[in-house]
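After this come two complexes, each holding chain A, first together with chain B and then together with chain C.
Entry: the complex of A and B
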């Protein structure tokens, strides 16, 4: 099975505000806020870790969710953010890891 | 409530400095007649100090970062600072005159994912613009920069400060903005110099011109709506905060001083002596700013404009009291609606301002 790798785009602004991630695309100024699960996926999107591992090690480990449902939701989330250019998706690991956004919690 | 409004509300509730305006230098290659700054370098923050401040701001939760000056590109390390800021994933806006922006600089700004670049243009006529900036050829260079930035797909805004020297030219600048396919923003506010010198307020446009601007459909959209009488004050209005300064926004000078806003020079601390969050959370001056609600304003709380006035607490502070009126905003409310403000009526009663129709901005 082909693995999916995800990396945060460099053309975004992002910050954690009160436990919720805010993301804005510098390309089209689209603004998103991510829920807790999506924030976990976003923060783990280092371009090196396969999405399946992120789902298992981060999402399923931190939230009470069935692995299959978590995988499906994660794929939908990735597809949506990739459409707006704020997540990059590849079937190979990315060479340069993106910066991790900080912020208040 | 939009997503952005929700975010602002959350930042307000949590006391997070969501937006920071950082002037990286006061040095400038232009000498604009209305500028409020002292352009000499009195010991600017070093590259390392600025990077450390950016780390602190990211940790504090700042999302929107405006890099301004002076002219930002007077700093040779500007792109180093910008790159660092973007690595910390701030949403960055740059304010510049564009004179030093060529194609390579525009490309670099694009590569770094800057949200918006704001360029000051005072007139579509070189003889007027260059007379204001006192830099020959500056209009041509600023327009060239805008073209380079647009060629990179960047979001550009022309900021048109309106003053006596250019008050007939705003429609020309607007047409220029349309031709360049950039956003146009008109600002009729001239602020006192940071050292308290009020002499440049003589450059403020007269009330008649302000009135014409506010009743120009091309500039304000729906005139009837824009110039509508203020809503009757209710509890929500009286409990409202004056603006975001000191609540979710702050300003940092090139020397590390922290103020509530670029127009609100109230000393709250210096980043060479204290960490940002120590100032943000512990400054008694900021606490005082945050304690003020519309109902606490001795004159403005009695004014019919209290719910719709653009009253700037910073300009009020410079005028004498952060709880007092800002005369420039009283003027705006009056010329927008035709209804005199409580401050104007009070001055008329004590005979300091003369007949209402002659009321002019402070020191004019």
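Entry: the complex of A and C
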């Protein structure tokens, strides 16, 4: 089975405010507020860890969610952010480190 | 070479020198920016303004702003400006109407403010009891209405485009000559910002808290920004986040009569 790897784009600005992660595309100025689960995926998007591992080790480990539902939601989330260039997606690990996940305030 | 006529327009404490060979146009600008004429301050930037025949196409067009080496190019149907911020000078070719120059000045100020943690905002603003209050929202949200209802003890800074400048201790709002439907130029005054309200018309007057992320999203939607430049977008995002961290941002639902001002100040 082909794995999916995700990496935070370098063309973004991100910041935690009021306990929520906000991400803005520097390319088209699209603005996203990430919920808790999406924030966990975002922070784990290091370009090296397969999405399936992120879902198992981070999402299912921290939230009460069925693995199949978590995988489906994660794929939708990744697709949505990838459409705006906020996440990069590949079937191979990325060579370069992604952007920092965003400061915490 | 024809004589050049100079005028310095100082908005938000930033003097910009404008030179034109047309004395009538200089007088037009002197009238329009009467409250914002710089007197004695050394201009930070200067522009030579060359007039071209009026254009049929302009105000409905979007302005395009892009960086080319050390120079910015600002263009719309009715103007073309080239500006080198590091050299402190530029040129503007435009129709002989002050609205074109208004647009160029707004773009120049947004680019300067972005590097200093400030921004221009689609908002009315006013000073009351020594503090500034901003009222933001899309067209029809009530910026003109709340400006029209302003009490005698308040000073209108603008009914359309607010100037937000970062200071050592927080943020201050400055008056602008950029008028909206009220067609009333703001006062050239400034004061520390006490609050930003996002407007909504309703059957009564009420102030509601909004979350930091909601406030940031609303703020970003209402900040004027023109350049398709990744670094500036990032600066703008950080500026919006820091503003929300430091300034109370709330929703103001109001019925359009003067009692709404009982909640402000």
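Going forward, the second predicted complex is superposed on the first by the 100 of 105 C-alpha atoms of A that agree within 3 Å, B and C clash if a C-alpha of one lies under 4 Å from a C-alpha of the other, contacts with A are read in each partner's own complex, and residues count from 1 in each chain.
FYI, a residue touches a chain if its C-beta (ideal position, glycine included) is under 8 Å from a C-beta of that chain, and two chains touch if they have at least 3 such contacts.
Predicted model, so just to flag it, every value in this text is computed and none were measured.
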Superposed partners chain B and chain C on chain A - clash or fit: clash
Dominant contact partner of chain A by residue count, chain C or chain B: B
Chain B versus chain C as contact partner of A:24, first or second or both or neither: both
Partner chain(s) touched by A:11 [first = chain B, second = chain C, both, neither]: both
Stretch of chain B penetrating chain C in the combined three-chain arrangement, among 61-69, 79-87, 277-285 or 349-357: 61-69
Footprint overlap on chain A, comparing chain B with chain C: 11, 13, 15, 17-18, 20, 22, 24, 26, 29, 31, 33
Chain C to chain A touching residues, read off their complex: 211-214, 216-217, 220-221, 225, 230-231, 233-234, 237-238, 241, 244-245
Residue numbers on chain A that touch chain B, as the complex places them: 10-18, 20, 22, 24, 26, 29, 31-33, 99, 101-104
Residue numbers on chain A that touch chain C, as the complex places them: 11, 13, 15, 17-18, 20, 22, 24-27, 29, 31, 33, 105
Chain A contact footprint on chain B (complex, rising order): 3-4, 6-7, 10-11, 13-14, 16, 18, 58-63, 86-92, 113-115, 155
